[in-house]
Amino acid sequence: MSLIGKQVQPFKAKAYHNGKFIDVTEQDFKGKWSVVCFYPADFTFVCPTELEDLQNHYATLKELGVEVYSVSTDTHFTHKAWHDTSPAISKIEYIMIGDPSQKLSRMFDVLDEETGLAQRGTFIIDPDGVIQAVEINADGIGRDASTLINKIKAAQYVRNHPGEVCPAKWQEGAETLKPSLDLVGKI
Amino acid sequence: MSLIGKQVQPFKAKAYHNGKFIDVTEQDFKGKWSVVCFYPADFTFVCPTELEDLQNHYATLKELGVEVYSVSTDTHFTHKAWHDTSPAISKIEYIMIGDPSQKLSRMFDVLDEETGLAQRGTFIIDPDGVIQAVEINADGIGRDASTLINKIKAAQYVRNHPGEVCPAKWQEGAETLKPSLDLVGKI
Amino acid sequence: MSLIGKQVQPFKAKAYHNGKFIDVTEQDFKGKWSVVCFYPADFTFVCPTELEDLQNHYATLKELGVEVYSVSTDTHFTHKAWHDTSPAISKIEYIMIGDPSQKLSRMFDVLDEETGLAQRGTFIIDPDGVIQAVEINADGIGRDASTLINKIKAAQYVRNHPGEVCPAKWQEGAETLKPSLDLVGKI
Amino acid sequence: MSLIGKQVQPFKAKAYHNGKFIDVTEQDFKGKWSVVCFYPADFTFVCPTELEDLQNHYATLKELGVEVYSVSTDTHFTHKAWHDTSPAISKIEYIMIGDPSQKLSRMFDVLDEETGLAQRGTFIIDPDGVIQAVEINADGIGRDASTLINKIKAAQYVRNHPGEVCPAKWQEGAETLKPSLDLVGKI
Amino acid sequence: MSLIGKQVQPFKAKAYHNGKFIDVTEQDFKGKWSVVCFYPADFTFVCPTELEDLQNHYATLKELGVEVYSVSTDTHFTHKAWHDTSPAISKIEYIMIGDPSQKLSRMFDVLDEETGLAQRGTFIIDPDGVIQAVEINADGIGRDASTLINKIKAAQYVRNHPGEVCPAKWQEGAETLKPSLDLVGKI
Amino acid sequence: MSLIGKQVQPFKAKAYHNGKFIDVTEQDFKGKWSVVCFYPADFTFVCPTELEDLQNHYATLKELGVEVYSVSTDTHFTHKAWHDTSPAISKIEYIMIGDPSQKLSRMFDVLDEETGLAQRGTFIIDPDGVIQAVEINADGIGRDASTLINKIKAAQYVRNHPGEVCPAKWQEGAETLKPSLDLVGKI
Amino acid sequence: MSLIGKQVQPFKAKAYHNGKFIDVTEQDFKGKWSVVCFYPADFTFVCPTELEDLQNHYATLKELGVEVYSVSTDTHFTHKAWHDTSPAISKIEYIMIGDPSQKLSRMFDVLDEETGLAQRGTFIIDPDGVIQAVEINADGIGRDASTLINKIKAAQYVRNHPGEVCPAKWQEGAETLKPSLDLVGKI
Amino acid sequence: MSLIGKQVQPFKAKAYHNGKFIDVTEQDFKGKWSVVCFYPADFTFVCPTELEDLQNHYATLKELGVEVYSVSTDTHFTHKAWHDTSPAISKIEYIMIGDPSQKLSRMFDVLDEETGLAQRGTFIIDPDGVIQAVEINADGIGRDASTLINKIKAAQYVRNHPGEVCPAKWQEGAETLKPSLDLVGKI
Amino acid sequence: MSLIGKQVQPFKAKAYHNGKFIDVTEQDFKGKWSVVCFYPADFTFVCPTELEDLQNHYATLKELGVEVYSVSTDTHFTHKAWHDTSPAISKIEYIMIGDPSQKLSRMFDVLDEETGLAQRGTFIIDPDGVIQAVEINADGIGRDASTLINKIKAAQYVRNHPGEVCPAKWQEGAETLKPSLDLVGKI
Amino acid sequence: MSLIGKQVQPFKAKAYHNGKFIDVTEQDFKGKWSVVCFYPADFTFVCPTELEDLQNHYATLKELGVEVYSVSTDTHFTHKAWHDTSPAISKIEYIMIGDPSQKLSRMFDVLDEETGLAQRGTFIIDPDGVIQAVEINADGIGRDASTLINKIKAAQYVRNHPGEVCPAKWQEGAETLKPSLDLVGKI
């Protein structure tokens, strides 16, 4: 079975955030929605474009009550140095977790043991710390943060409206479905 | 490590396709791109909207040289019956695999052992039978097939242009990146 | 040893019954006689004729205080869809259990692991939830529900008349045997 | 999975047959149809009525090319003694296997380890030595040999007419079904 | 080490005794002397001559306070049938145990696993349920019950006269030996 | 299963025989009948009376082609010393095996591990080295060598007349039985 | 590590002592010094000369408060018989332990498993039951009991004078050594 | 079983001998008699007196064709230093093995694992490298080298005169015993 | 045992060296002397001072034929970025290995599994790839590269002059020692 | 992971110190700084120069509150003898531990199992008994005690000034670093 529906396990990590080094634990995932975005390595090529793209949607995500975490197996020191020097990364306002112990990457099943780097996996986590959506791309294929917005809205809608489900390519405000016996075979 | 980069293992399944029952094996994934789309069950609610959405992009995907397979743990008999009776499903022209033995769902790590149903996982597979992208949503959250198109284009571009990578939210025709030492720390 | 004399173990399943989705558990087998009839798959060929045949004896079985359950590894959604569309199946008034998790089929030892489908097994269960008779046919050989009636009558007679046994091809009202030392070697 | 579709394993047993002691092995099940009928013990009550009933159908079964074997964990000596003294058993013309080593009863999964006696199981075996039908009753409930005739006819018909199946309560001469895509959901 | 000096373990068996079916357990071996005589099978050749021979000494054994049990892996039903029909066996007044579960034969280490029959073993058991003498013959060699009498008298004498032992070919009334230091090397 | 029908395993032992020390191996049991008589210890009480009794039948046994071996866990030195000094033992002409390594006593399953002494077991072995009869008495109960004679005659008769068996208390020259179907239930 | 410094473990053995059979246990080794002298077998060649030599020093050993035990795997019966008949052995006044169960020989690590006989080992045991000296010779090499006297005197001196040690070839009354830092490298 | 009769296993050690460092292996024990004398530690108290005592008999031992080795877990460097400085040790002409790896002490079963020092064990080894005599004293009890001389003479006599054995306290030139049947019980 | 004397095992790593990314394997350690210097993380505090110190001795080390490798669990991308931006690090001319897979750190036993960072270990490796010296400091205690020079000179001298050893605080040109028997105890 | 940061485990050893034999345990490492210096063997070549060098810095180390222990697998007796006779060693005032049981050498991972000798390892231990620095040289390469002084000063400084670290080649009185976010990438 995939990680969908699994609870984030206890962990402790150092992160760089807005000019400070902070601690992040599984407790930070409780009580609000989270996006966790793994990428292979600082100071590489696809990664900064993805992280910048994510930053561009950060305000929207914040409005939706979502906190954003990026994670690589680099240290928080390296995150700061990258933030200090990269035009793209210097814009980042969300939390950049350092995972040199590889524990978080292993927990989310995206660690490439051969290289010691994380795969390009994005996870949407609900306020109970339970994983609701997973998206992983092979190296060389960048992600598109805009697709996260709709998924999160759908996940939030479903959480807030028990008994309703969001159909394919659902957009905020569109109709949802109320599963019932009568619908069986009718759609 | 996630399924990204893993080869599809040998399997044999029955499928419904355009009014016929056919056999599908891992050999069908060799030599062309494939999308495999798992869903929980025939005759339910979110599923037909997703499958219909996928059908709507089928022509485009075909043009990109991509074959599409939907999979649930229902039988191919049930797939045909659903196709015969559902307004949404009757439009489907791609291949509907029956996986009552649960082998394919287990191989792609989307089987919920408790219910015996597949999770909502979508996989992009390259012409070597290697998984290039994974997307899985919790139940109740429909997928959006349109996001597949860009991912497949990026994956195809990267495959055809060794040495280049596609940045975040890359669109066909947009610039790609050529990883080189000089780019380190410059993006 | 066969399943004869074994107690039905705890389980929980969804079923379609008279236009409703209901839950069935091992508790439903307590306090009354039951017939459980496994078959390979909805929307196939021999199966509907067997299920229809069973329906034709349902009234008689009800009079004998027997509840009837059909089981396949299809979902309850598929059962409803079949019931909605098949001339034979639409007549069915008994309970149609969906066993996509294969737990019930495995418990009654009729799961074909290769195909994920159930074999054609019929079980008579007494009011203690204990299996009293088993009948299983290879695929392609339909069962005859009428033979169930006599078996159930014999099983009920034996249960209600401790110390008596029903001889071969016993019919209701016919003589039974009272095993005693004097009968040894005399029959 | 039940014994349906399983091949009879090698064994060697002594039997009483028409005033002689003979050897029976799994080779005797090759090339013709067989019925194997287990029962608990010689010189008891239900058993002779069942064995007599079976004898009454022996001529018909022979015409269908079927050999009949009864088996208990008694010795072949006891079988002969029973045959010499019991009015019912003395009529028996088929083969009475002695299974004091319990090997055959265990192979057919009908041995009650506690008592060392066989359960009331009847097996139809095809000319490849493969089990095609199983019927087992709890103690005290006699079997009805007449129901065997139809089952064997159906099994023989299916074997001789690949591509056809016998529906429920099929009788010799009645219509069979040719499974095809068009029949899906139509019965 | 042989079974000499071992206690009979708990068991429960059905037996035929003087026209009745009775239960026998290890408790029946407590408080009086017992002879347990295993033989291969009812309705065979050497066995009835041995059992008849044992019957001829039954009165004497009873006078010595000894109960006698014969045991084969046949059922008690078969024992009754044999008793009803055999000239030799019909004389038997002692207890005929049926051991189809093979538990007693295995406990006394005389079960031939290949055939499922008991070897020709005779056991003398003291009132504590402890085995005092064992005699086993290969098939085809009948035992002589008369030799039991002297052995039992010697065993009873030794039990009743602590400190004395019976020399070779001791007969009732003959001198016994009182082991003492002075006898060492003197006999 | 008891030792009946088991082959004597390879061994090598020292023995005292007619004023000499000799080696005895399992090869000495091939080609002629043997009696092996275990007893607890030299220079004790019951033992010499049993060994003397055996000596008294030695001539008869020799005429029947039987060699006799006595065995205790004493050394052959002790056997010689006992033979030199005991009135009873000095008469012995058969072979006295010393088994201080306890290998022979353990092989015949008569070693009391607690005391390191052999139990009173007598074994008749045929010219193939296969055990045909076993007799074991608890300590304090002497054996009677005369009962050996008849057993050996019966065993020899059966070996020389395939197809015949000796009934209970058979004496040389008396009638034997030829097992046949007709005898079943007739004795 | 050798047996030096190890405590004698619990055991129970029969012995011959001055015309009586007695029990010996590990308790007999508590509170006084003991010599335990193993030898292969009674009625052999080197053994009696060693045991006689030991007897010649018995009075001296007794004066030193030492009890003497000889041990072979012969029984106490054989010990008595040997004592009754051997000129050398008949002089023995110390305790002759029989060890047919081989437990004592195994505990002192002198059992030859192949022959079942003890090796020629002599052990000095202090009043705490702790082994202080070991001497073992190959077969054919007799021991010299006189060397025991000095060893025991040295062991007793060391026990009674904590802080002093006996140098090589120490004789009673000779100087001992008081280990101290100043002696390091001075001897 | 003790080490008596066991072969010295392969080893390699450094030793100090007459002003040189040499290698010693198990090959040095082949072809001549050897005495190996373990002691706890250089620069201690009892040890030098024992080693000096051994030196005093070295000429005699050499005449008997015996090489002498002392062994402690000290290094050969320490042996040389001790030899350079100790009045007693400086006289030593035999071979002083250093065993800091503890392999030799463990092989001869005299290593005290707690302290890492050897116990006071002396071993006589024959020209086949087989151990013929063992003597071990507790700490504080010095050995007497003179007792070695007689043991070695006896061992050599027995080796050179097959069929003869040396009785207790045998001295060179004294009578030996020729074991024969006639001697049994006569000594 | 420590890593001293152990051979470097096969590995493959990416490194940054003079503006290029290169591969480093265990083969690079063959044929010349190497220094491998582990440190916790790029962009931290003690680390750059140590690496700069090492660079200051790089010319001297090169003259001695020594190649220098620094290693952290950062990637080679991060090494380049650090080199690009840090005043201290930008001077570095030796090879900076990236070990994000942690394989090299684990092989040299300096990986802190809890943090995923390397401890401050320095290793001198000879031209056979064998480790000759190890130095590891706790975090917070910087190393002094100058002490490496003397150690390497001593190691090279010893390698080139078999039979000589370098005493404590040896300096190039100073006297060495030729170990010989005469020196024992003289220094 | 290396021994850095590991706590010294419980042990008990004998040592030579200033003309006395004393006990040393892990408790002696609590409450003050310690240097533990392993070396292969007393009376060898490099070792005395290293130990003398260490003595030359003993006064300075004592002023820094550091106790010094040298350790080899020699006994404390040998240490005293060496101290008594070697010009270099006789100067030693620190504690010389004897480790013949090899427990301490094994605990610090410097035991060469093949030779039983310790490798040349030096350890700095803080007042909590935690190892702060390790230095190990291959045989033949002497250590330089002077490098210990600076390391200890740095370790003490870091312990006494939480939040500061000592950069490379730090000397007492020189500047230290206070790790802070601002320093990242600035050194």
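As written, the chains take the letters A, B, C, D, E, F, G, H, I and J, and residue 1 is the first residue of each chain.
The rule is simple: a residue touches a chain if its C-beta (ideal position, glycine included) is under 8 Å from a C-beta of that chain, and two chains touch if they have at least 3 such contacts.
Keep in mind that this is a model prediction, so the values were computed, not measured.
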{"item": "Required steps from chain B to chain I (each step between touching chains, minimum)", "value": "1"}
{"item": "Repeat of interface B-I, chosen from C-E, A-I or C-D - more than half of residue-number contact pairs shared", "value": "C-E"}
{"item": "Chain centre separation (chain D, chain H; CA means) in Å", "value": "81"}
{"item": "Distance from chain J to chain G - Cα centre to Cα centre, in angstrom", "value": "50"}
{"item": "Whole-Å gap between the CA centroids of chain B and chain C", "value": "40"}
{"item": "Contacts with 2+ other chains: residues of chain G", "value": "43-44, 77, 80-82, 84-85, 113, 184-185"}
{"item": "Touch relationships between chains, expressed as pairs", "value": "A-B, A-C, A-I, A-J, B-C, B-D, B-I, C-D, C-E, D-E, D-F, E-F, E-G, F-G, F-H, G-H, G-J, H-I, H-J, I-J"}
{"item": "Chain E residues within the chain F interface of the complex", "value": "1-5, 43-46, 48-50, 52-54, 82, 85-88, 109-113, 119, 121, 131-147, 150-151, 154-155, 158, 164-170, 177, 179, 183-187"}
{"item": "Footprint of chain D on chain F - complex, ascending", "value": "181, 184-185"}
{"item": "Complex contact set, residues of chain C against chain A", "value": "19-21, 77, 80-81, 84-85"}
{"item": "In the complex, chain E residues that touch chain D", "value": "41-44, 73-75, 77-78, 80-82, 84-85, 99-103, 113-117"}
